[in-house]
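One chain, subunit A, appears in both complexes that follow, with subunit B as partner in the first and subunit C in the second.
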Partner chain A sequence: MLESAELYFNVDHGYLEGLVRGCKASLLTQQDYLNLVQCETLEDLKIHLQTTDYGNFLNNQTNPLTVSKIDTEMRQKLCREFDYFRNHSLEPLSTFFTYMTCSYMIDNVILLMNGALQKKSVKEILVKCHPLGRFTEMEAVNIAETTSDLFNAVLVETPLAPFFQDCMSENTLDELNIELLRNKLYKSYLEAFYKFCKNHGDVTAEIMCPILEFEADRRAFIITLNSFGTELSKEDRETLYPTCGKLYPEGLRLLAQAEDFDQMKRVAEHYGVYKPLFDAVGGSGGKTLEDVFYEREVQMNVLAFNRQFHYGVFYAYVKLKEQEMRNIVWIAECISQRHRTKINSYIPIL
Partner chain B sequence: MAARDVRTELDSLILQLLADLEELEAKRAALNGRVEEGWLSLAQARYAMGVKSVGPLQYASRMEPQVCVCASEAPDGLQNLRVVRAGAQIPEEVGPREAALRRRKGPTKTPEPESTTAPQDPLNWFGILVPHSLRQAQASFRDGLQLAGDIATLQIRISWGQRICFPNFLQ
Partner chain C sequence: MSGKDRIEIFPSRMAQTIMKARLKGAQTGRNLLKKKSDALTLRFRQILKKIIETKMLMGEVMREAAFSLAEAKFTAGDFSTTVIQNVNKAQVKIRAKKDNVAGVTLPVFEHYHEGTDSYELTGLARGGEQLAKLKRNYAKAVELLVELASLQSSFLGLNVPLLISSQSWMRENEKSSIG
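For the complex of A and B:
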């Protein structure tokens, strides 16, 4: 089978690839970040953002400006761009986009269920749901009492339906079960997305598969780290690890037995990719494991733009945009809390 | 002789007042530090989990307090304010309810509302697998609470000293 991406890709997807590369060029630069870091108030931040590609996106927000409002508006902007891409896409790029939105859908479902536990009104939560993960059956999520209810009554027609195979149970949805549901859904989703990319082959598989493998391993490490000192048992923990990464199967088995950070680090030292990441944790900058993983993710996503004729550029663009939003929110929080010691802990992209 | 006693007592009261003021300043600075740390750790948790995952959506509008302020009389007649866990206050009521719970652990598995013998950790509102920064935030805010109780006690003592003690002595 000849590698045919260069011959046929532009017929269906050339316009969108050109568009996404243009969007990528408008990400904030190091100079923009230096300007933002020097702002004294959130109003200054808004003025500086007006000179970038964000423009007047905060003009509809009433005073006083809060970090949460900035985050909401940034998300809306990304969603508008993404919807434009999705509306102009053809198969199989459309399926690829659907896969990308599934992770946000899972987050929204969990947000709605947690809100139901805390007796919040559905309208209040719907406003805060991620716009990329919107689907019509969202409002009905809070009526479900068990996972089977949730599947049969609400989610069976959505793209999330295939990911429910391992999660069906009759247990009532309390905090622990909701957390287990979130991680199991995400595991199924990641494995399905990985298989889709691998079956597609071509440059897409070459770019996306390492990115998704890293995502799977990152989740395994973070789940392990956060489960120390909680009521989650080791067997339960092992069922949450996605199996499409480099750690499968020996690494995951070792990770399931780890009881503290040093044991986890020893597992990571068996893998050439992860050893330097774990070595960078701590140090003089006080970097956490999450920071180190975010940096590595940014590296991989920037490199995705070095190849042409693949779908990975769309995934990479959305992830880089998300990192940019995280950076801006972090800077905004430091400004609003007037605590500037760690304001430079953002991750520059371009 | 009496005048000298009054003067020595006045001196010791002034020294006590100044020592209290110094302690109050130190405790206020510590409280500010703890609260700032707590808020920064919350911002770090938002960086790791997402901005909408650590916010007003995660807590109920009505909550059961986990700590209470306990007022007691100190030997010198002043109020002493301490911050204590809420559960520790009502030992009498837990007894008969515990026996009732033991009976309920039989074969019937109807989900009955459990009495709050073990108050739920607010950390679980944000999920079971929370990042380390959220736990740090909780620890900082808890330390701040203890300091707040101490600061209140100190302020009562200082204002008593200023209002009542000195005018009486100077007469």
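For the complex of A and C:
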């Protein structure tokens, strides 16, 4: 069974894997970041970016250059690349791509639901939606009056339908807090994605499953941390934890009981992978838990490229590209606000 | 003394007593006018000083707040649409009170909190810490803005009475120096 990956993978997916490895090679290096950090204005930044793979992507923008314009253009570029991959993919890679876009779709759906409930114009909200999370029924959202109608009429056709069904019955869809809904959907999504990868087996499972496990545990930790001092009860909190990680079931149960950061840290110490991460929090650089998690995610994604014949390279590329976009936006903001003390707090990738 | 300011008076002792009383009244009025002008000037200077301090502080606080917005966006992604869509009732509100300085009423604004934070769970999965810091920074900025508004409206409110009373005082001075 293990050999089949090498034998048959390239027939269907070899071209795309080659392409994505080429794209990965054009991610910004440490030297590029050092150049960007030394820029004085956003125009300098634009000139430096022209020498990288970004090229002339800002040429169509009028003056003055703002950080949000840079962000939008970068996102459009990533979207174009992703659409190209997606259009040329075959099964089961296309299902994999659909799973990847589900997380953005969840955010878009929450935005649209909110907007529809408050009778806002659909066109305004469509502009704000994440381009990677586009789905065909988006414009049809404004016909629904309540969330249940919305679900029955529109969302049932999208790939998100099974996630809604997991969380709740139709009648409770109305009262649920928007943020809780978002997190519950994401939990179902993550578990479904994990199952898909695991069932696929082969190298994909070997690479993707640890990444998704880490994502699940990371969400559990962050939700716990952010729910201290809010009105979110412990039972509610426990329903938001994805169960496909290493923490399931013991760690999640312990986490649900935790009341402050130290208790959380003690839970993490039972797991060899997470103990060094929590130890790195604080320290000399004033790192927060989220920073440490981001770094670990980047590490795992870079390691995914060390093996061939699996779909994880596509997932890893998109995640690394997003992190690069966040880094560039951070540096651009520090430059434009002339607040350079923390300009080096981006997450280095290569 | 010019002819217009002469008071026609019948030389009698009663007229003299009445005149003395009038003189006393005029002198008291003059003193009170001076006191009013002084009090207003004092208050004016205090307000001006506070305005300058607050404006300097405002620059720093706004800068800090804008930077914490950038930090929050770095960790939590773009949450601006979520925030704008869920706008409900104001949490920080202003009460207007009246303050009296030497007969001039000045408005004073005071802020107070009402209701709970409807954005408590935003950033639950990402960036919650940065969002909390962001909320604190902008709350500080809003409080400072309210204080600045209060000071500036007092400034404007004092301006005219101060000018009037100091003009009257100067006219008085001229007259008394000529006389």
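Please note the rule applied: the second predicted complex is superposed on the first by the 319 of 350 C-alpha atoms of A that agree within 3 Å, B and C clash if a C-alpha of one lies under 4 Å from a C-alpha of the other, contacts with A are read in each partner's own complex, and residues count from 1 in each chain.
Basically, a residue touches a chain if its C-beta (ideal position, glycine included) is under 8 Å from a C-beta of that chain, and two chains touch if they have at least 3 such contacts.
As the structure is a computational prediction, the values presented were derived from the model and not from experiment.
Trainee: For the combined arrangement obtained by superposing on subunit A, do subunit B and subunit C clash, or do they fit?
Mentor: clash
Trainee: Mind working out whether A:Thr288 is in touch with subunit B, subunit C, both or neither, as first, second, both or neither?
Mentor: A:Thr288: touches subunit B and subunit C.
Trainee: Touching A:Glu206 in the superposition: subunit B (first), subunit C (second), both, neither?
Mentor: Neither: A:Glu206 stays clear of subunit B and subunit C.
Trainee: Looking at the overlay, what does A:Tyr186 touch: subunit B (first), subunit C (second), both, or neither?
Mentor: A:Tyr186 contacts subunit C only, not subunit B.
Trainee: Going by the contact rule set out at the top, does A:Lys119 touch subunit B (first), subunit C (second), both, or neither?
Mentor: first
Trainee: Name the contact category of A:Arg219: first (subunit B only), second (subunit C only), both, or neither.
Mentor: In the superposition, A:Arg219 contacts subunit C only.
Trainee: Once the two structures are superposed, pull the subunit A residues common to the subunit B and subunit C interfaces.
Mentor: Comparing the two interfaces on subunit A, one with subunit B and one with subunit C, the shared residues are 111, 114-115, 118, 120, 125, 128, 178-179, 182-183, 222-223, 225-227, 230-232, 288, 290, 326, 329-330, 333-334, 337, 339, 342.
Trainee: Within the complex, which stretch of subunit C touches subunit A?
Mentor: 63, 66-67, 70-71, 73-75, 81-82, 85-86, 120-130
Trainee: Going by the contact rule set out above, which residues of subunit A touch subunit B in the complex?
Mentor: 67-68, 71, 107, 111, 114-115, 118-120, 124-125, 128-130, 172, 175-176, 178-179, 182-183, 222-223, 225-227, 230-232, 288, 290, 326, 329-330, 333-334, 337, 339, 342
Trainee: Which bits of subunit A are touching subunit C when the two form their complex?
Mentor: Against subunit C, subunit A makes touches at 110-111, 114-115, 118, 120, 125, 128, 177-180, 182-183, 186, 219, 222-223, 225-227, 230-232, 240, 288-291, 294, 326, 329-330, 333-334, 337, 339, 342.
Trainee: Hey, which residues of subunit B end up touching subunit A in the complex?
Mentor: 36, 39-40, 43-44, 46-48, 50-53, 55, 57-61, 111, 124-125, 127-133
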